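So, here's a batch of structures to check.
Common to both upcoming complexes is chain A, partnered first by chain B, then by chain C.
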Partner chain A sequence: MDVPRAADFLRSFRPSRTTGLFVLFVVEIALISAAVPGYFSVYGLLDASRQFVEAGIIALGMTLVIITGGIDLSVGSLLALVSVTIGFGMDAGLPLWLAILAGMGVGTLCGFFNGVMVTALRLHPLVVTLGTFALFRGIAFAVSGAGAVSNFPAWFGVFGQTTIGGLVPVQLVFFVVLAAAFAIMLARTRFGRYVYAIGNNEVTARFSGLDTDRAKIAIYTLTGWLVSIAAVIHTSRISSARANAGFVLELTVIAMVVLGGTRITGGSGTILGTVMGVLILSYLQDGLLFAGVRSDWGLVVVGAFLIVGVFINEFFRKETR
Partner chain B sequence: MSRAAILARPELPSLVFLILLVAALSVTTPSFFTIPNLQAVLEQVVVVSIVALAVNQVILSEQIDISTGSLVAVCAFVYGNIALTVGGSWVPLLGALATGAFVGLVNGVLSTYGRVSSIITTMGMLFALRGAVLLAAGAQVLNLPPESRIFGLGEAFGVPISIIVLVVVFALMGVVSRHTVFGRNVYAVGGNDRAARTVGLPLNQVRLMTLVLSGLSCGLAAAVLLGQIGQLQATAATGFELKVIAAVVLGGTSITGGRGSNLAPVVGAVLVGVILNALTLNRVPGIFELFVLGVLILAAVSFDGLRTRLTDRRR
Partner chain C sequence: MAEPMTASGVSGEAPAFAVRGLGKHFGGIHACREIELEFRAGEVLAILGENGAGKSTTVKCLHGLYQPDEGQVEVSGRAVHFRSPRDAEAAGISMIPQELDLFPDLSIAENLFLGQKRPRRPWGGFDQRAMNRQAREVMAALGVDVDVTAPVKTFSAATGRLVEIARALNRDARLIIMDEPTAALTEKETENLFEVIRRLKAAGVSIIYITHRLNECFTISDRIVVMRDGRLIRSGPAEEFTIGSLVDAMVGRPLETLYSRHSRPIGDVVFEVRGLTLGNVFSNVDFEVRSGEVLGVSGLIGSGRSEMAQAIYGIAPADRGEIIVDRKSVDVRSVSDALASGIAYLPEERRSQGLILPFTIAANMSLSVLALFSRLGFVNRKLEDGFASESARRFTVTGAALSSPVENLSGGNQQKVLIAKVLALDPKVVILDEPTRGVDVGAKSEVYRIIDDLAARNKAIVVISSEMNEVMSISDRIIVMHEGRISGRFTRDEFSQQAIGAAAAGQRLHHAA
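Right, the complex of A and B next:
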């Protein structure tokens, strides 16, 4: 067998990126479990999901945004704004269920606002969401006066503190259902094809008769809606609403998505990949924390993983020019 | 310069807005247009401006650098520790500059030859460097002796040295950007990278150099910042990177590269400084700062978007 054909033969066995990520995840859990006695337990692994479900839910929307070649820096600030809306809405006398609805409304509307700003004037999403990054948290601070609300009724804990059968945290169910829905939407529906079409070549997509503006507004609105859900879970979990919630969350979420194989320049990426990115990054941090490593190491590891992960992804990519 | 050329200058809208704002504030707020207050505003924006001048070049070449906040903290850590062991200001400055340039080089190599886009590289750096400085400095609080604080506190000819530093950096960047091959290449690469590649410009080299420049500026900014606050904390300059990008974009440099000017980042930084100063002078509670900043960024970018749309249509 001559050399080029042997290379082709080997390449045909090359696992897909998501498979690779899955193997990486399993190896990671195995290594941590071997190195840290007492870490591995079904209960412990499931319980750890409380720490990442919020970022994970937002990452689903961010995946769509990044596939279209955009970015959303405002998600952490928006989480704070929704949380403050819920808390201070209740404080102002709204029944809690109504405050939750109001918060979800505000979050979805803010996502819509991002979408309109990006499309109406053809502004770069980075600039728009940098502005709303400051604006949303700015409103949250102005409304809350830098104070906090934490006198929630006991039933509010249902979104972030309870388990099903004493084992599965409720929010993990939310994440799994939403991830499945978004995976189907992205891979199997017309809307999903639009997302990739915009990311591959927006001008071509527009000239092919696709209403790219409407699709992009829908994507940013959906992201705002997901942020609202994450905000409800977050507020319920820590039982407190304050304007500094979700600080630097946007960067963690972007890191998860990119680690999951979505190209930052748009055009490719999958929900399953993002889920793997969420799991790999989160369990790495969880393992380090469990082992008693200072949490600052977590930042170093996240940063290094991000760069190395994308480097491996990009450097060995065959040029398709 | 012809009238059309002046009207087409990227920093024009923000400059006009800044002048109107200064005029309005001079009338409404008596304490605003005084030498001490204006000097205070300038001193406050020096650190952001120095880094923004360099990040401006990064953005012009169609990349981005969001590692600056953490890099300034790392450089400040290096500066502070050298200052405490060796003393003085110049040796620590060299250390900070070397650290900044080295990290900038790593950023640059990864983003060009390593094919990782600059937003990812520098975001990774943002996390990793902040973690590193938290690990190294921890709860340590360093207090600098006055002789190591000349870049923040010193004066020469009655002018604060920090302001002189900014003027020198601004002048240098002006010369580099207008009169060197590198400076012209930055605009060419950011304006149309395919054309730049076709005519044989060293794309990777140019982009790498802008990131090294950005790293160097973080070293210098760290010396000024530490001189001003006199105390080193591991959490210093958190969120700084977004202020820098906001200054560049507010000033009128296009985030998609190729279009902008050297004046833009400084105008943007001063604009933010003046507005925050006006809020303070008028006793607006500090919790409204972020809100005003957000409205300002959105207003500026929408205005610019509107302007480009209108001028494009005319063509």
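Right, the complex of A and C next:
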């Protein structure tokens, strides 16, 4: 009651956080282009999207998960499990299209499993998905031995290696379409409203008659489905299915989401923000790689951005209080 | 008033604490200005005002949470600048917040010593025994005999409140600010608290008492100041005021009557509960409510009132018993079952159970009925806004756009948004749990008007309340709960504070249930 006007005033700046991220992204591209001769080209920038689309697609689901106050640490492991299911399914004699469907079924089901564990057992998502983080990758290793499958037919490259008009990677189209769909879902549908309601105050959501458990199960299942799509693209892109795929992918994804303005404790966040987080983090990593910095430093960037992202979110939140 | 007033009792030597020309603004808005207050040892000063009048801002400046933009705080006649509550506490000013600020898993003794130097043993470890001894002494000084080694969560909210006061005393506070200390207390517990306040007075402690309950000011305070729109409107000894003159000063206009209750025809039984039982929380609860009837539910906090209501509403369904709406038995396993059966519930905790604070007014009002405004899962904002603006008119939610977050609203307006949300489905049975908690006088009277209006629309209404005056003024019948059972039933001509109070305490007077 004390500060209504002041809070309104500051709050009016909040939506522009995404605008701020966009400006940051443009500055970042400009700086890298200036510092690294030969970096800037439309083709190069579009081509670099191959590196981040998989994480980006998963980040869409992760945004919903984190808004509801949860977390999903199992996405990297699940990507490996789906990839191995596809590769070794084919190796075992399934037609490839059937192996792909089987992989996607496994991925979606595993997401459903996460959701059921979180809601039915009332366990914290951190604990549940830390468990499935080990579980999913463990199964992937157990199924594949230490081997890899890479004798995919040529048509499988369509998901990860082709371009449209020789310029736009196919998977970038997937990402844009999915991002638009999720943005509309979160902003315009009843389900989207419930996601924010649960994240801000789950007790009130239940007192309002919302089926919070069903919504959460749906969110984790959706995330599993997105991981499956990412896994198909990943397997197609590198033409190889192996159990060590998607290593530390969960951290990259979480860093992208948090950098995009989703509060790690839930309640607020947008898909557009997440997309900006994906772009900023990915192009920084890409620029460093292009400049000849060893790829190990990419993980350092992820870690740093995760902390910086959380800090900025909390800092801005305090300002608006 | 052009002339800033001084709320001083006695003149002479410098008062222990004083506020001189205090002002604080946020953006362009003055939350309070030209506040002059003096606090004498052993005096209770009540600060009254509607929500948004500037009471909280004033005491937060005094407690160092805010730094004043104008004027100053004085201790023993010298100006001081508190940069944080820590500074204020070092100067002897403590605040008992509205919401309990204790660690539920720590013992009373450990809570008393939080943020303070603890007694140590010669080799440096904490001296638990000395801590417990000192804690017992402080609690005994308040007239409370409890096991100080037991975790705070095992005690009632009332005892928690006393622990907060003990914590202030343990810091040698000379001025204790109490922000709505009785909001969650029953009459009996309130009486205990007053006894504690009298002891504090006798020990020379000054007290600032903020409340919405006007009766309490006359019982406990020596002086009263009334604030409105950030200014000090009236001040003087408590004897100089009457309820009427206080209300006039607070709202700036005369208020005819606080309670509205029109006599109306009472119809058939709409809502019945038979043998409702949930573990050892409550058992064999039977009652019925007719259309157009208001049933009051009285009882102490922890008597199972809210749990019973929440069982009916499907939050934690009952093990046994029957719920009957319109002569049809309904099986309530979830909130959506209850809503579908025409049962609505206004939860007692507005902020943690009722509203989503960062959501807009419109989004809060429509949360339970969003399906009505959706096509293929997409929310039709136009329909939603139309519904919200109509609700805002009906329930007189004023002073804020529908697109502003409810956290920016005053308690009274928040409560009206919540009422709009709960009534959105046009329920047959309305259960209201503490519908006027923490709202100011003006909003209170509007809530009573809304309840009266619901009765006129033939709803069956259940009002759970800890305020005896309230429940006696608006109910047609009252049931009283004690330790999970109904311990008394009263028709309107049998209402009396003594009989209801006795039933709440589990004693039976001549009224048999």
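Keep in mind that, in the parts below, the second predicted complex is superposed on the first by the 300 of 321 C-alpha atoms of A that agree within 3 Å, B and C clash if a C-alpha of one lies under 4 Å from a C-alpha of the other, contacts with A are read in each partner's own complex, and residues count from 1 in each chain.
Just so it is clear, a residue touches a chain if its C-beta (ideal position, glycine included) is under 8 Å from a C-beta of that chain, and two chains touch if they have at least 3 such contacts.
From a predicted model like this one, the values you see are computed outputs, not experimental measurements.
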Please indicate which partner A:146 is in contact with in the superposed arrangement: first for chain B, second for chain C, both, or neither.
-> first
Touching A:154 in the superposition: chain B (first), chain C (second), both, neither?
-> neither
Between chain B (first) and chain C (second), which does A:311 come into contact with in this model arrangement: first, second, both, or neither?
-> first
Larger residue footprint on chain A, choosing between chain B and chain C, goes to B
Is A:189 in contact with chain B, with chain C, with both, or with neither (first, second, both, neither)?
-> second
Does chain B (first) or chain C (second) touch A:42, or do both, or does neither?
-> neither
Kindly classify A:255 by the partners it touches after superposition: chain B alone (first), chain C alone (second), both, or neither?
-> first
On chain A, positions contacted by chain B and by chain C | none
As the complex stands, chain A meets chain B at residues 71, 73, 117, 121-124, 126-128, 130-139, 141-142, 145-146, 251, 254-255, 258, 264-265, 294, 296-307, 310-311, 314-315, 317
Residues of chain A defined as touching chain C within the complex = 1-9, 11, 188-191, 193, 196-197, 200-201, 203-211, 267-268
Listed in rising order, chain B residues that touch chain A in their complex are 64, 110, 114-117, 119-121, 123-132, 134-135, 242, 245-246, 249, 255-256, 287-295, 297-298, 301-302, 305-306, 309
Parts of chain C lying in touch with chain A, wherever the complex brings them together = 26-29, 31, 51-52, 56-57, 60, 313, 315, 334-336, 338-339, 345, 347, 352-359, 363, 367-368, 370-371, 374, 377-379, 400, 404-405, 408-411, 421
